[in-house]
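Both of the next two complexes hold subunit A, though its partner changes from subunit B to subunit C.
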Partner chain A sequence: MIFSLINRKIYTLLKVQYSNMMEYRVEIALWAISGIIPFFMLNIWTNNNLNSSINISAIMLSRYFLCAFFVRQFSVVWVVFSFEEDSLMGKVSPYLIQPLNPFFRYFAQHLAEQITRFPFALIIAFFFFIFNPESIWIPSLGVLFLSIISTFLSFLIQFLIQSIVACLCFWTEKASSIERLLFIPTLFLSGLLAPVASFPEYVKSWIYFTPFPYLIDFPANLLSGNPTNVSLGFTIQILWVLLLFPVFKKIWSAGTKKFTAMGS
Partner chain B sequence: MSLKKHIKVYKKFLHTSLASELEYKTNILIDLITAILSLLGSIFLLSIFFQNNGSIGDWEFGEALIIQGIYTILNGITNTWFNPNLSEIVKHIREGTLDFVLLKPIDSQFYISLKKITPSGILEIILGFCLLIYCIKINQINLNLSFLTLFLITIACSICILYSLWFFISTTTIWFVKTWNATEVLRSFLYIGRFPLNSFSFSLRIFFSVFIPIAFITTIPSEVFLGFSQLWKILLEVIVAMVFLFSSRKFWLFALKFYSSASS
Partner chain C sequence: MVKNIIDVRNLSKSFDISSKEPGLKGTIKHFFQRQTKSIEVIKNISFEIKEGEIVGFLGANGAGKTTILKMLCGLIYPSKGSILVGGHMPFRRKENFLKKITLIMGQKQQLIWDLPPIESLYLNASIYEIDKFETKKRIQKLSEMLEIDDELFIPVRKLSLGQRMKSELLAALIHEPNILFLDEPTLGLDVNAQRNLRKFLRKYNEETNATICLTSHYMKDITSLCKRVICVHDGSISYDGKLDQLLKKLSPVKHILVVCRSEKDATKLENSGFTIKNKTNNEITIIVENNSTTSSLKKILNNFDIEDLYINEPPIDEIIGRILIKKNYDI
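Up next is the complex of A and B:
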């Protein structure tokens, strides 16, 4: 009984958000295009033969960057911006009355957006293979399955971090600038612009203790077949999720107590 | 429509937008940290490219830093003026408030492009200049008047091109209504401006000098800075900038003919 109720809730939420997202097809296509920075980086790497110095062949590197593009496409999170707008506009109050944490709504929104984005990402990958036919490969089913899970975990970590930041809206109103600050290390340390394997030693010594390399580098290495420690990667990803979830719950309950609706 | 009147109006714009931005003082501090981290991140990325190579695309590390500096200045200008104002066009058109802008007894392009200012971008401009001064020291550039004038001319042209690109994309909102993400696409393409154009493959180089003139925006000013730019390139940049400015103006006036306000 309870399960079917939860199932129905999830189904309805996803359906509503999916039809909502279908309205914004062009937007999402453009957004997918704006994620092609990894390909430009790849161009710098291979055009200057920089890959030979880090012992990755040009083909493996191009697969890496393609996978980094894919992982990024399916782990983009913008919950801070939605929540900030909703809280500034006073839309949060009606959400709070409903017997459903508003973050489920945002979560469904993100999942629905990923489903809508999927075909566009495939088209971009198709063009990538036209220009780089030598890098075509088919990952085995097991690898594909594992990398989908690790991409989802990466998405979950980022979603939790951003939700925590979003809850700061209860105190500061403009939390998106904190998110922009956090985005900088994510951009440079996650492996989106350069594989973590190429980082100098003084960075490598501490970077694996931060969540960043598990956001893009680990799933991308897994999917592209570059060497990576699979079990350790998954363990740390799950550890981060387990660590961040209670923090989010705590800050959420503290925030809702602090919450004063707009105009009251 | 005298110049005096425009200056007077602009002073008022400055006053009101500064007053509203200074409401969020901690935001400015966070933005400063973000700007510093972002510059450090790109220098870090650059150092990865150079860790085993003396030069990429015939640019040495010290010379590539100049491009970073110029990019940072231009990015600061974008964040201070272009981004807050031109993303507002989208809002004006969606909500139908463009009517109020058009009714005002002042040029609509002037009003829409300069109404707001985000002071935290200015910090980025200062950072960029600091980096450039450092570059003058490490590249042993001797300053003289002709060098400075040429540099200022090319930078001014870059700003004009950048502005026109942003303005073009934002103007298309009149037809498509939702082009928030189109500016994201532009932003990700502009990211290329952080690296010397020669480090890309031939086809990308053509693309980035003909379709999206990023080559003109950062590479030519940097070449002037180093003192090895040919005169024809500078002249070409001036012409391109003028063509861009002129056509963006024409495009705006043309687009306004298609504007039908919301709910009418």
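Up next is the complex of A and C:
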């Protein structure tokens, strides 16, 4: 009985947020298109024959960037901006007095957006294969399954990081400016612009201690079939989730005590 | 004996506010050396509210009434003192407590803007773990009480303010809370929508014995719903008691406008010992004490040739306005 009510809570939350996201389908299609940075990067890499410097074939590199595009599509997070706006407009107040942490709403919003985004991402991939027929491959079911989990964990890590930053709204009105600082390492160190394997050795010596390579590089390598340490990748992804979750809970608890319910 | 559902003891709340001097110099100084000061917005207040009571919180803008409501529903932490609402400490925001209360703020919405209200209703119902059958039953019951039907299936952005407010109420009451915190619920509504909302709240209170704490700048909301008012002045309670007692105390007199048949009669009335407010031609306004209204009327009707007669009480807005700027009312 309790489980069915909880399931209904999750199902309704997702269903309603999906209906809401469908109202923005055109915008979501445009967002999906705007995420084609990996394809530009692929163009730069192949036109300059840079792949040979990291011992990766042109085909594998194109598959990597397609997978990076997919991973990015399904792990993009904007919770800090939503929460900041809702805080300033006083919309957080009614959510706070409901028996559900408001971040579940944002979480459902992101998942619903990903579902809405899926067909557009597929269409973009279809066009990618038309222009790069040599890159066509079908990953095994096992790899696909692991890649989906790893992409979800990447999303979870980014969601938790941004939620922690979002909670700073309780202290500062412009928490999104802190997120801007995080955007730079996310862009350069995650593997969105180049596979982490191509980074200089001194960068590689410390980068794996940060969460960034596990956001794009690890899931994209996994899906594209490039060599990667699967068990270590998953372990570190899970460790980051386990580390960030209590930090989020702590900062949420401290933040709600500071809440002044401005804008309402 | 009716039990207390809200118990507030020595409650205080302070906010840290940053202050900045005007001009460029002030801006630069503020950038390098931010100065903050602590302002006590609620000052050591205590009160109790009984189950089923409708209590109006009155006060000028910035007096602290909304801050009190926010502390009562657990949105903000108190700096000092204790609050018990339905046996819970609100700021702990325990699930059992949250299921008992609701907060409605005029012109602040929780409905999803681009979807019809019905979607938000089902979402709220699932958040409060109400099963489907019960949800349908409650939506039907509340929509009948609120006289809202087709509007539930139209996107919120296309609804009028009044329709939106009704839908907001429905969403806020779907879990049948027994403590309602209403912060200016009729703000911006037209006269008919305001009346319907008041009618609904009265009915909800009668049917469910819910406790209602209400703030409003529309005096009609207060006078038609609340028997008891708590006046808040500069963070302190300046009056806590029955509204009619307060009005009697503040307005112990009535104004009687007497239209005499001739100016001669008016002059005769003017010189008959009544306290006169003003006189123009054959119309004369006299001031009588509340407890001598009947005897004064008898005297006027028996002794003077009059054409018409009006009994007026000073406008309630004027009286309440006087409350808002005064610090203490000992009744």
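Descriptive notes on the structure:
We take it that the second predicted complex is superposed on the first by the 262 of 264 C-alpha atoms of A that agree within 3 Å, B and C clash if a C-alpha of one lies under 4 Å from a C-alpha of the other, contacts with A are read in each partner's own complex, and residues count from 1 in each chain.
One rule holds in what follows: contacts are C-beta pairs under 8 Å (C-beta built on N, C-alpha and C of every residue); 3 or more make two chains touch, one makes a residue touch a chain.
Note that the coordinates shown come from a computational prediction; the quantities given were computed from them, not determined experimentally.
Judged by the touch definition given at the top, the superposed model places A:L193 against subunit B, while subunit C stays out of reach.
In the superposition on chain A, contact of A:N55 is made with neither subunit B nor subunit C. Touch criterion met: A:K9 reaches subunit C, while subunit B stays clear of it.
Of the two partner chains, subunit B is the only one touched by A:S177; subunit C is not. Counted by residues of subunit A touched, the larger count belongs to B, out of subunit B and subunit C. In the superposition on chain A, A:L30 makes contact with subunit B only, not with subunit C.
When the shared chain is aligned, no partner comes close enough to touch A:S140: not subunit B, not subunit C. In the overlay built on the shared chain, the residue A:S231 is in contact with neither subunit B nor subunit C. Of the two partner chains placed around the shared chain by superposition, subunit C is the only one that A:T260 touches, whereas subunit B remains out of contact. Residues 24 of subunit A touch subunit B in one complex and subunit C in the other. On the subunit A side of its complex with subunit B, the touching residues are 24, 26-28, 30-31, 33-37, 40, 43-44, 47-48, 50, 53-54, 172-174, 177-178, 180-181, 184-185, 187-188, 193-194, 198-200, 203. Note for the complex: subunit B touches subunit A at residues 24, 26-27, 30-31, 33-34, 37-38, 41-42, 44-45, 47-49, 51-53, 56-57, 176, 178-182, 184-185, 187-188, 191-192, 195, 199-201, 204. Across the complex, subunit A meets subunit C through its residues 5, 8-9, 11-13, 16, 19-20, 23-24, 90-91, 93-100, 256-257, 259-261, 264. For subunit C in complex with subunit A, the residues that touch the partner chain are 15, 70, 73-77, 91, 93, 95, 98-99, 101-103, 105, 108-110, 112, 114-115, 119-120, 122-129, 131-132, 172.
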